[in-house]
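After the structure tokens below, expect a handful of questions from me.
Labels run A, B, C and D following the written order; every chain starts at residue 1.
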Amino acid sequence: MSRASLSGKKSKSIDNTGFSPNSDAAGRRLINRDGTVSLRKKGIPFYERISIYHSLLRMPRLYFILTVFGIYTSLNIIFATIYFSLGPDSLEGTLLADSLSERYLQAFFFSSQTLTTVGYGHISPVGFVTNVVASIESFIGIMSFALVTGMFYARFSRPEAYIRFSDHFLVAPYREGKALMFRLATTKNNHLTDVEAEVTAAIHVTEHGKATTKFYQLALEFSKINSLGVSWTVVHPLDENSPFSDFTQQDFTAGRLELMITIRAFDDHFSNTVQQRTSYIQQEMVYGARFLPMYEQSKDGKYLHALLDKLNDTETVTWQH
Amino acid sequence: MSRASLSGKKSKSIDNTGFSPNSDAAGRRLINRDGTVSLRKKGIPFYERISIYHSLLRMPRLYFILTVFGIYTSLNIIFATIYFSLGPDSLEGTLLADSLSERYLQAFFFSSQTLTTVGYGHISPVGFVTNVVASIESFIGIMSFALVTGMFYARFSRPEAYIRFSDHFLVAPYREGKALMFRLATTKNNHLTDVEAEVTAAIHVTEHGKATTKFYQLALEFSKINSLGVSWTVVHPLDENSPFSDFTQQDFTAGRLELMITIRAFDDHFSNTVQQRTSYIQQEMVYGARFLPMYEQSKDGKYLHALLDKLNDTETVTWQH
Amino acid sequence: MSRASLSGKKSKSIDNTGFSPNSDAAGRRLINRDGTVSLRKKGIPFYERISIYHSLLRMPRLYFILTVFGIYTSLNIIFATIYFSLGPDSLEGTLLADSLSERYLQAFFFSSQTLTTVGYGHISPVGFVTNVVASIESFIGIMSFALVTGMFYARFSRPEAYIRFSDHFLVAPYREGKALMFRLATTKNNHLTDVEAEVTAAIHVTEHGKATTKFYQLALEFSKINSLGVSWTVVHPLDENSPFSDFTQQDFTAGRLELMITIRAFDDHFSNTVQQRTSYIQQEMVYGARFLPMYEQSKDGKYLHALLDKLNDTETVTWQH
Amino acid sequence: MSRASLSGKKSKSIDNTGFSPNSDAAGRRLINRDGTVSLRKKGIPFYERISIYHSLLRMPRLYFILTVFGIYTSLNIIFATIYFSLGPDSLEGTLLADSLSERYLQAFFFSSQTLTTVGYGHISPVGFVTNVVASIESFIGIMSFALVTGMFYARFSRPEAYIRFSDHFLVAPYREGKALMFRLATTKNNHLTDVEAEVTAAIHVTEHGKATTKFYQLALEFSKINSLGVSWTVVHPLDENSPFSDFTQQDFTAGRLELMITIRAFDDHFSNTVQQRTSYIQQEMVYGARFLPMYEQSKDGKYLHALLDKLNDTETVTWQH
């Protein structure tokens, strides 16, 4: 069977995916497994391409902490230098000797006590200018810690779906025929309701001698479930409504099928809408397998146990036909 | 009448509830009265199953306060130990004697004054290392209090529906026939608008000799009301469109009927969408009763009084047929 | 014409308003002009009827500030009493004399300096117990100020529509017939888009000798506009689809018509959904008037001026028929 | 062709844009390029027209910082004046001399140390009244910094689409005919999904000898895309369904066509709905051009590069007919 049989089907290819039909001749993955897009922006200055807010929220936790601590230290160095440059009489205190380096350290510690508003007072500002600078520094301290702590909390409380997807998608038996399937579960103690799945397939074909990418929104057995308990197996039946109804394993491989997946849900307890995206490429397909159950009753019968380590457990099937 | 009569009805059973048709042979409740699911996750390490954010938001208030206070105390112990280990000259102060225990306590109190940024200054850091540690501690204090106070406020301001459901659901007279009914009211000084109800029934039947659970989305008299004033009686008419149209009391009992309920609404004053879930099991059914009114006019006629203690008030009815 | 002509119309009365058809014999207004409902809850203890969060957000600003200041003072009194009761040696400081009242004041001021974490240090805690209490107080201070300042900011930033409604609704000429109309405008520097109106009419009729209230969702000329510029005149045509198509002024009066209005919109600049509700009763009807324009071009032609003081400007019309 | 040919088309003009059909005789732009409306409100007092929250969020960053710093300074001046007026014995401290100006400065610095709760303690309050004032000031400090820092963070974290629109809209070849087109891209490291476009056209015509403005919601090739990768060219085909199907360049010019555009999307990473608006006027039309591609493969084929500097790159086309 040739892939040219894609045309003339009931299901129409779509063009509104935001991807270009001819942008992917090189065989890149369109969407990464973590849901990000393999896209880099160029042509305008760096600072116009960066939303500091987005950057601070997306960077790894360790980078974030180092960045924030770096800002804290930098501000202290700046203000310490100012206090230091105001001369030895600008700060009063009993702790450190009079050497230049110790004077600078004293200025540094006074700065940090001012910036955090801890203000022990064992070092204190003397004179008009020093007092004005300290007054401004404590103001700046409050304002910048507001941003930093706000970001810190926003990172911590960011609505997340915590969905884990099976490593592979399957071509599995389904009713009298076959279906594309993948499985997902929430791994954490969150509970998702009104869970919606949207699966877009990208398939690379040659039309009129030109390589092009076609996109299909795949019809699902269920595109929405009320509640995500143990797990959800998302199913696209390979029936007469599917653009891939008579595809063989070779057709999928040759067409470098990619499934682009968006899951959207409502966090039951906290009234947030959460979204997670991922994709599967053809190399992640297992042709001829079915998922095994991933739950069991607790011994007392009171609980259902979701066995998250079995998310990827499948058994091979042999086709009857 | 046998429960086999479920099949062949107009209403089709649904499969997208997120519950498995064969997961509940043991007769567990699918959803608890407080809306949670009787589900436990296993098979992956504890820390991968826990969203600290969700845990902190869902734990009882007392636990939360104890947890936070425990963290505060732990941080103080850690930093007190550091200050203590830096020797007797690391802190300057006049309050406590020189015994080891009192030195430790002084270090502890200095730590707490630094962590909270209260910084009285009657104890103050001496020397380079102590000052650096104090500088870091006040930074850590600000950052961790940001998380803790953010969580505290998030718990306090969490959008909640404050809906109370009647203890039982009824099979009550309705027009010429019968209907399943339950009643709900908001108990607090919040006002809900655009209130939607979604009721899914689970019924346990034996098909082809195998115990299975069937799910039905129940048609409601009204699935949405503009505004939740005194109360709302949610009604599923047991008419020809119901999967239970000719069920007797015994059929409901034998089928271990469970009603799974989701209420979603818009908080009028604060522009939040709120959601609350609950369920009724067959033991919570009263067959042959109707709800009594739960409001009265105030004496001056200016107010309507919602009588929340009458939420469960019913009267027994005897069926004419 | 008798009001009995309500029945048999095309438009069907609705029952899902959340109001009871027989709860309003006394002629109360169902919804107040500020959108609240004339409803009081009874029958359960006070503390179960109150959401502290909702109460703090809805109380008038002055009450809020007084409440917060009252809590602050109370906490200080409690802790001052503890410090005072720990004896004259529990606090060290130079400011006040040794009289009992001055000792108490010193304890009070020390408490306030601890609660706010200002911690000057001119009064400082002495001894184990006092230090522990101070350590706890500064912790409580941070936690309770988190709630209070969170509420304060939430009140300040609460999404609001800032819609002003015309004082009266009109029965005005419309195309070849008549229409019910009212007008609204945003008064502040916010910009609403995707503005939706929902108008429910309540009319009191006597059916089979029994006073009852019927509810109708009124069809509007436009139920949604893209953008709320100068103002929006919401129009319900009194045509053959209206339940009031052949009502006379007397019919409206006798039926004690009440219009219950919900406006929902999207705040253009801040991505909030906002909602505002109001109602008109029959006494607020002007029969035979039309709204006058409430805008003018600025002299340089660059701006359109919304003349908000003309929101209520109408002119009387005499019906041709 | 005369513009009178607008009437009698399939596409019906709409009236629910919130703009008045006769408000724009002077030829103003209805919506500015930054999405704001050229509207000023009059007729009610200034303080009733201003939402302080909206004003603080919308003002330029420098103004905001100056405003906040101004408030901080003003509060310090007010409290400094109070402390100063309480006499030379109200504050204890060692820093400044006894001249009146230095006493005032000391009061000012004490105030700032109290307001920010830095509280060094080298200046400290003496006596009942001063202590009460300081206690109130630290309370006011915490409350007002809560507002100010909340605003500061809200400005920083405000959901934004960061969409850049092409400078011009084109009349370009499209299939067998022509289409109106403009192009947009996100410039920052945010990723938008479920992006919707809504385009309303305003055209000024003369009907029955009277200048009037007609509005049309334009049908788009796609009104929604799944994901906004490199860019999106929004297309309104000038086919038989368009109100402008047989418009010439002169017709667009004479009718002073204005396109009013709303883009709404879901921020993939942070679960916010974001909205951005703009408009094009007839002077920003290029008749007979098409957009050039604005992406390229990275050399290693792993990334797609969005070339944001080519957003406006077009090439001229000559019409075949």
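The working rule: a contact is a pair of C-beta atoms (placed from the backbone, for glycine too) under 8 Å apart; a residue touches a chain by one contact, two chains touch by 3 or more.
All values derive from a computational prediction rather than experimental measurement.
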Chains touching both chain C and chain D: A, B
A-B compared against B-D, more contacting pairs: A-B
Proportion of interface numbers common to chain A and chain D (over half same, under half different): different
Inter-copy rotation, chain B to chain C, in degrees (Cα atoms; steps of 5): 90
Where chain A and chain B are represented by their mean Cα positions, the distance between them in whole Å: 27
Centroid distance [mean C-alpha coordinates] between chain D and chain B, Å: 38
Residues of chain B touching at least two other chains: 113, 117-121, 150
Chain A to chain C touching residues, read off their complex: 117, 119-121
Complex interface listing, chain B residues touching chain C: 68-69, 72, 76, 94-95, 105, 109, 112-113, 116-122, 145, 148-150, 152-153, 156-157, 160, 162, 187-191, 193, 195, 222, 224-230, 232, 266, 268-271, 295, 297-298, 301-310
Partner chain C, residues of chain D touching it in the complex: 15-20, 23-28, 35-44, 48-55, 57-58, 92, 113-114, 117-121, 124-128, 131, 134-135, 138-139, 141-143, 146-147, 150-151, 154, 158-159, 198, 200, 260, 262, 272-275, 277
